[in-house]
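Okay, so chain A shows up in both of these, paired with chain B first and chain C after.
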Partner chain A sequence: MDLKEEGRWGEPKGSSVSILARLEGTEERSCCLFNIFLYLVGLSTSPSAFCLRRRPTPSQTPIAAAVQLHRGVVRMRLLTHNMLSSNIKGVTNGFPLLIEAVKVVEKEVDFNEDFLKNMFVKVEWKALVEASRTLGYTELPESAEASMLDSDEFLRKFHHALLELHLEDGALVCPETGRKFPVSKGIPNMLLHEDEV
Partner chain B sequence: MWYLCVFFHRLLEYRKSEFESLAGLFEGRGGATALEWRLPEDHHPDSPFHFVNLPSDELAVSIASRSILVKGIYELWGEGGSFEELEESIKSYPDDRKLPYISPGSTFKITVESFGKAISSEEQKDRMHKLEFISFKGRVNLKNPDHRFCLMANNDYGSNNGLPSAVQMRMFFGRELGGADRKILQTYELKSRKYLGPTAMDAEIAFLMANHAQVKPGKLVYDPFVGTGSILVAASHFGAMTMGADIDIRVVRDGRGPECNVWSNFKQYGLPMPISLLRADNNLPPWRSGLKEIFDAIICDPPYGVRAGGRKSGGRKLLKGVIGPYTVPDDKRTDHIPSTAPYSLVECVHDLLDLGAKMLVMGGRLVYFYPILRDEGSGEPTFPEHPCFEMIATCEQILSYRYSRVLVTMVKVAPYTEDIESAARAQHLEFRENHNKWMEDGNLHSAVFSPVDDVNVNGSGEKFSSKPKYRGKYV
Partner chain C sequence: MIFALRRFRRLRGLCTMTEQVPKDSISHEDFPVLPQITTKNRYTSSLSKVQATPEIEKKYVHSVYDAIAPHFSSTRYAKWPKVQTFLNTLPTGSLVLDAGCGNGKYLGLNPNCYFIGCDISAPLINICADKGQEVLVADAVNLPYRTSYSDAAISIAVLHHLSTASRRKEAVAELIRVVKKGGLVLITVWAREQEDKSLITKWTPLSSKYSEEWIGSGSPKTRRSSFSLESIQETEENVSGEVLKDFPFADEKITQEYFVPWHLPYHRVEVSGASANAVEDGLARKDDKKGAVVYDRYYHVFSEGELERLVSGVDGAVVVDKFYDKSNWCIILEKTSS
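After this line comes the complex of A and B, so read on.
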């Protein structure tokens, strides 16, 4: 079984370090470690063969099912999404880009209050709210103003939406032309085709 | 108060500007910080010994411990051209300044150093014993002393061995406040870096760039030519949030596998990952139109076309523009790999300044390398200018006989107005329409790699022998 085809690990075979890193803290750790051991010595074809409990339950939404706690690698965050637009020649309204999410991950990031306060005035709030909803996070209020920055609860939510939700695979779609800017391995490819320049 | 600042004898032009940038960083000033400097008697400006006027000990300690090129900052207790003069000078230094550091119960260490000549350990001991007239009451602790003292001398080395022309011997004795932590250079040295490219930035220079850019925790730093991320690694070490873009998707996305890519370079040192890496063209940046003043610093090493050439979008269309615009067939649109055209240095720097003018916060810094040809006849080199920026420092590093690179530090002093924006747009179109003309002008590659005879008009081969003996900027 190819790990990549299975779509749950997202990285080619053999990256045992990152697999270990991601499993830290889950209750299936020892079970998985055993499987990884079998996998490494060649007795099993997949490190996850017996980790049935990690599969998403049917009650979860497709997006929520794809969201997983991810400790290894960082991908495209909503702060980046909030800064980007479609710059195709002739497009007047290329912001905000719509998000087509194939794979979303969550990652804990160190909380920096000053940075959040700096970013708050630069961020297009509405675009951030919509983007976080597309990724399955609905906690952000519809509108926000600077006085809310005094609330720790609000800052935590803002922090989570801005920095901890990561699009790993999918696309950013130009709202005017429908042109897709692919996001693969968390890297948005914003390069234009020759006739879009 | 005046302090004695002793620099490492390398990257000579970078030393004072690094120091002044850090002074600005710790005093919370973004603009140019001009400190008062003074040279010891008879000293060459490239000497490692300088006096600098700083408002407080705390500032001196902060600068020294953050810097890369400060060997030590000292509270000077005495100086002189001979031991007798030195002793006289130390004795006349006020006791209330000295007593707290030589009191019983404290520990101390004295080092003896000399610049320009190695001295044997016997001579070191001999010189140390001559200091016995200072009544040190504390105990010696070589490993972890409370107070460090240093007896320094620049020797009368006479012959020119690549150092500034000989000066008279001068001795300094002072209490050390702090010095650069050069151990980080070993930690971050490129040979142990997992993912490297052909133009990865040397760790020492990358840290110097971060210091010139006044990087500190909570700041957002952007590198539009991120490559393997070597500049952002240094910025991240100092606590900045980082962001990088590159036009080559293989470098930013794939690297050399899951454990050897830009992300892994951060992971290797336990640094926080960049906020984002993206594939974008500096010539047509994908930032939304209302976005401005978001980065605190932009640090980069633009492609000059010598070791690596820049690329920009619109390849076939630009190259074949005469015949008719190039259109991508509709069925090939997905998975189409756009071709790119070469990107001239002039245009690249124009785009960089425009990006900085728009995206930097007021007082934010733009730090980048700019190549210059070392043609002796051409006089003083000229550097790019922009109405939004004030030039703070230019530090040359000689790379080869033909060219050197200059670290340019600029600070944003004026807001990005609509007039500036439309002028930049007009210039952008000019570059696009006259693509081939701009590519020919200022082609650094041919100037750097042309055969010797083309450059040497007289054909006498004198150029190489006329190289000055004093190495100056080579160190």
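After this line comes the complex of A and C, so read on.
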């Protein structure tokens, strides 16, 4: 099922054959056949109006996954990365975690100047610059100071790096031990093993 | 069908009754972040890898929340006014950490703040992520955050799932560690002094439960018993000052250790999967009368003053507020050292 097909899902214009071709489960198929029958005999306005099962969610198709980004599903942001630290026993400086990026996504986030200005004082700039470069974004200046917050251009770049670059799959790596914390579907797993506590 | 519905409603009612607390959490251990919570050997495979978490927490907290996550989450939506007030009074741009966030109902509550939630239960964290929240899988006793960095931290209905005083203290120390100087920490825990006294009668005090298994008639469940013994041992060793209080075999009148049932209706069982294996493994039992799979969750309910004593044992913070609210002891700390 691709996006175009999904867009007209449920509308009478979709050909019954192509709808059938897209269904995998037999239950759905028989359900669909019944709908088409109702549609053909004029009892229904849509060949899929009586589908008992919900149609597949967009996340089940790779193309639709891209759409999800615009629907607001959040991945691991670099602001979060800026807060994380390896807490393995014996590690004296577990920050910043190195990033191994397998999949990076970008998501548009509302721009909030006050929020950015508040965050600027907290963020470890160097870690943010390095992290954003690892994710393929090279626009941030090497160093930054508060006076730069007057520049809209700077704020936009800061905003993008901090909130719009998301690590979806990959790993965070302890800078001291090299221990990898997997990131899957935007969720880091920071649990330690028994010998690390 | 109608009967089934009625039964379901009764069950829902029962769950809500037993679970007057809007949210509790902390769960699970080291296994990759997977949305499925089904496979049978997951309990064992994940347990073997995990840090020195007492077996009683792994089995009667982590595994249970993993198994009931979707149902649990569907019942956790009411937000406590006191927690809401706390979060809403934080200044714009505050970084807030929710340690043991459960289904993440407090994440994003104040839109001017940046929330990060963590929980040891990967299935619960997946539910949060599906809602678009910024979350990670981590242990409240060992938070993966930089020291003195966030503006506030909350621990809502989490500490009562930790089985020794030293672990509860460690969790408090972690909350204080991660906030900056002047940062606030809100902690809430279930109180032994329940507003609804009859509630406790629905819980199983650990003492009698284990006594029954050890000396009662019928074949004792060796596995469960050995778990309990190990954890008791640890309790005794770690908590010199509070041995009696923490000791599950102590006189029932003063026990604070309970199994609190969670009824997972049969129709939810099919949805969430794992329960058939859980029953087989002795983690849960079927109650045909109620039409539910019953899980036991371990709780250490706090007595009056206990939370204060606990936090007073941790340096670097002062109590700025304390109150009793809806059968919970609550405390707000301010970090005084940097």
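The definition used in the following text is that the second predicted complex is superposed on the first by the 125 of 197 C-alpha atoms of A that agree within 3 Å, B and C clash if a C-alpha of one lies under 4 Å from a C-alpha of the other, contacts with A are read in each partner's own complex, and residues count from 1 in each chain.
As a working rule, a residue touches a chain if its C-beta (ideal position, glycine included) is under 8 Å from a C-beta of that chain, and two chains touch if they have at least 3 such contacts.
Everything numeric here is computed off the predicted structure, so don't read it as measured data.
Asks: Which term applies to chain B and chain C once both are placed on chain A by superposition, clash or fit?
Replies: Once chain A is superposed (C-alpha atoms), there is a clash between chain B and chain C.
Asks: Of the two partner chains, chain B (first) and chain C (second), which one does A:Leu191 touch, if any: first, second, both, or neither?
Replies: both
Asks: Compare chain B and chain C by how many residues of chain A each one touches, and report the one with more.
Replies: Between chain B and chain C, the winner on chain A residue contacts is B.
Asks: Examine A:Leu155 and indicate which partner it touches, taking first as chain B and second as chain C; both and neither are also allowed.
Replies: neither
Asks: What is the contact status of A:Val91 with respect to chain B (first) and chain C (second): first, second, both, or neither?
Replies: neither
Asks: Let me test your reading of the model: by the given contact rule, A:Val109 touches which partner, first (chain B), second (chain C), both or neither?
Replies: Touch partner of A:Val109: chain B, not chain C.
Asks: For A:Val173 in the superposed arrangement: first (chain B), second (chain C), both or neither?
Replies: Neither partner.
Asks: Give me the intersection of chain A's contacts with chain B and its contacts with chain C, in residue numbers.
Replies: 73-74, 76-77, 79-80, 83-87, 95, 114-115, 118-119, 122, 184-194, 197
Asks: For chain A, which residues are in contact with chain B within the complex?
Replies: Chain A residues touching chain B: 11-12, 15, 17-18, 73-74, 76-77, 79-80, 83-87, 94-96, 109-110, 112, 114-115, 118-119, 122, 124, 163, 180, 184-195, 197.
Asks: Going by the contact rule at the top, pick out the chain B residues touching chain A in the complex.
Replies: Against chain A, chain B makes touches at 217-218, 220, 241, 243, 247, 249, 252-254, 257-259, 263, 272-281, 284-291, 293-294, 313-317, 325-328, 333-334, 336, 338-339.
Asks: Report the residues of chain C in contact with chain A in the complex, numbered from low to high.
Replies: Against chain A, the touching part of chain C is residues 29-30, 32-35, 49-52, 91-95, 97, 112, 114, 116, 118, 120, 122, 125-126, 129-130, 132-139, 142-147, 149-150.
Asks: Quick one: which bits of chain A touch chain C in the complex? Just the residue numbers, please.
Replies: On the chain A side, the touching residues are 72-74, 76-77, 79-80, 83-87, 95, 114-115, 117-119, 122, 181-182, 184-194, 196-197.
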